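Chain naming follows the written order as A, B, C and D, and within any one chain the residues start at number 1.
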């Protein structure tokens, strides 16, 4: 049975100044909202954050930016955030941009004990600077190393006390790989389940990757509300 | 909508003399029984077969061996088969043994467009002969290349006409990675479903990896029948 | 004789032409922005599966208001629905599909394309760098990469060049370019003009293209 | 004074001692053969999850006859059940768990172990090679690797050596060896004898061990 945190504040005590953390989500979808809020209140500083995006100015990881808690950001797209831009231009924030598929694979590799792999993405681009290029069967590939974190914060729809997680729709995104790549992984779940309630064939993250859970109600802000009108 | 084969005989026409094929399953669990039977009857020869095991003497891939249809076998454990031993010792069959986790990862890499990766398994063993050894952060790793196949034969519990597959329990094993690593992937399914019937969050193999399906009733032979007795 | 069209008409012209690249049975990734609009024109008789790199194979139409699920978006972060027979997956699996060349076609936007198929579409030095998102993976993974964009930039300067000036997204990755003036194929021999939009002359296309253009023997005209 | 035990008693002695390596909260992989038997002795108050590398996290007891599912086996190909809260996964994910060091403990069999932690347990040159299965991955992935085996082979020759003679399964991978005579730890200083089975003397253990043994200051006796 996993540790059941009594609050998000207790959970984020695993994170210290200078920790490297991974935070699940694509845009604002699938982010562990309450763990991020607790991390803001914890006021830990000098974080290295690995996440596909960096939230928006007033939500998600944007809140950590606003409180200047991030020293370095590793992601693939950070264009939704004015404060991000300001801090980068002011030299307050280091940013390492990685192609999205490479980022996903680097995180998977980290969790899977693969120290490095080759990928075609980024060959001949600024991403290749300082990276080994190697030819396999006539095509050039870049060497990319795995990524791990001290703590991973993920969000799931359901989680049981064994740490098994199921994600909802496109809120899955980076969460499963990050769950595996964190030395400590904390899952914020919308619904807690008892062991055996979740279908064993339908688990997205097996419980071995999760060290603790906390239940949390989600706001789920929408970035680009797009609808069809009835004809 | 995917091609729905009318028979296993039609399906295995995708496989020719000298084809490289992947066949799902761990032991006799999760093997595409009827596709293998049809392949035996097709009498194609000189196959390179990638599969964790090679069946038993009278079932699964053992039937292909008996009919001398395999030139080369790539697997991790081939110890359940007398005819296999005979052919290897007689020099009729080439065998390439690969650690099971490395084999699984090589197949995943092949399907995922990763030409090569590093793994600790096999360092300092005969498996490392002729392979690049590289040190990352003080530990030695072997370079291993991805594997692909001309045709992959997999077995699933359920499949829909979009090619989405769901596997049953430990019959999943190598099937999902092989489905992705075959230029042509043929799925033998126990039950056909209409698109939308399978839960979109519970698909193990997304349909993009599957080129055709055939329904097949399985015998499911048991290698080591082991039971508890009621107290 | 140059052709004047407003922005909406230009976009419709380009996206309708891009739609013709999609064959029944295709798995397709549409980039953010104008490429996403191509979905609006896909002919209903075509059996097409749209992939979204954030983990959805089988994008459906936009939701009605009462169908909106904040956990269901496309790569452009717009709320969408899932088509019947859709499958969700994680980002590693999604890019495994892409990198492993399981997609038949990707339609993406471009800032510059070179005659050798180099593409630049992610950063302008000196401006804030927002990131490449999935573009660098997608250009390597798809069996065919089609770039759709205006033929010239807002200053009237060519965007189809002998060599890209901007930092690349991918080297030698583009197969076809569709603009508001023409369709061009990247071939071993060089960049071939294969279609021309009604109202434009070959000379006008050449004049607005820095890259050397080979004129196809079977040059077609696209009616507006 | 040497101790004579029949094979069943020897196996029980070793597997019961091996069970003590398992702490509550552990994720454990048990190898094929004698290691699988360790499961029979796991104390019910321990919260343990057994992993099977063919894709089951949470092995349960053997099924009753009416529960047998041919699609549900362990890595030894025996029919099993899934424990409450179990999860199935594919082989790549299963070995991602292993290689990524998510398992706390692996208990495996051995043919030879060297004092530096080298392990040989998969092939004998000249005999038919059956394959290494998952052993080469498992020895690298687990936080702790415990080898259980007879102290000497059927000819009475040592199996714990200065250097392995057989082809290796892994280099420097073993943390602890449990035999029918003793428990030894691989340390930076060398192989340390930490426990000795009742009835055996330190001199007898030394005589039946080719590797140099350091005798622990806190040597314990295991009662039979």
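Criterion: contacts are C-beta pairs under 8 Å (C-beta built on N, C-alpha and C of every residue); 3 or more make two chains touch, one makes a residue touch a chain.
Keep in mind that this is a model prediction, so the values were computed, not measured.
The set of chains touching subunit C and also touching subunit D is given as A, B.
Averaging C-alpha coordinates per chain places the centre of subunit A 36 Å away from that of subunit D. Between subunit B and subunit D the centroid-to-centroid distance comes to 29 Å (mean Cα coordinates, whole Å).
The multi-chain contact residues of subunit C, meaning those touching 2 or more other chains, are 82, 88-89, 95-96, 98-99, 140-141. In subunit A, the positions touching at least two other chains are 105, 108, 112-114, 119-120, 167-169, 172, 200-201. Chain-to-chain contact here is organised irregularly, matching neither a line nor a ring nor a star, and falling short of all pairs touching. Applying the touch definition to every pair of chains gives A-B, A-C, A-D, B-C, B-D.
Residue ranges of subunit B in contact with subunit D, taken from their complex: 26-30, 52, 75-79, 85, 88-89, 95, 97, 99-105, 107-108, 119-127, 167-177, 204, 220-230. On the subunit D side of its complex with subunit A, the touching residues are 27, 47, 49, 51, 57-58, 82, 84-89, 93, 95-103, 140-141.
Listing the residues of subunit A that touch subunit B in their complex gives 105, 109, 112-120, 136-137, 139, 141, 145, 166-169, 172, 199-202. Within the complex formed with subunit B, the subunit D residues making contact are 52-56, 61-65, 68-73, 76-80, 82, 88-92, 94-95, 98-99, 118, 123, 128-138, 140-141, 167-172. Residues of subunit B that touch subunit C in their complex: 1, 108, 110-114, 160-162, 164, 180, 195-196, 200-201, 203, 206-209.
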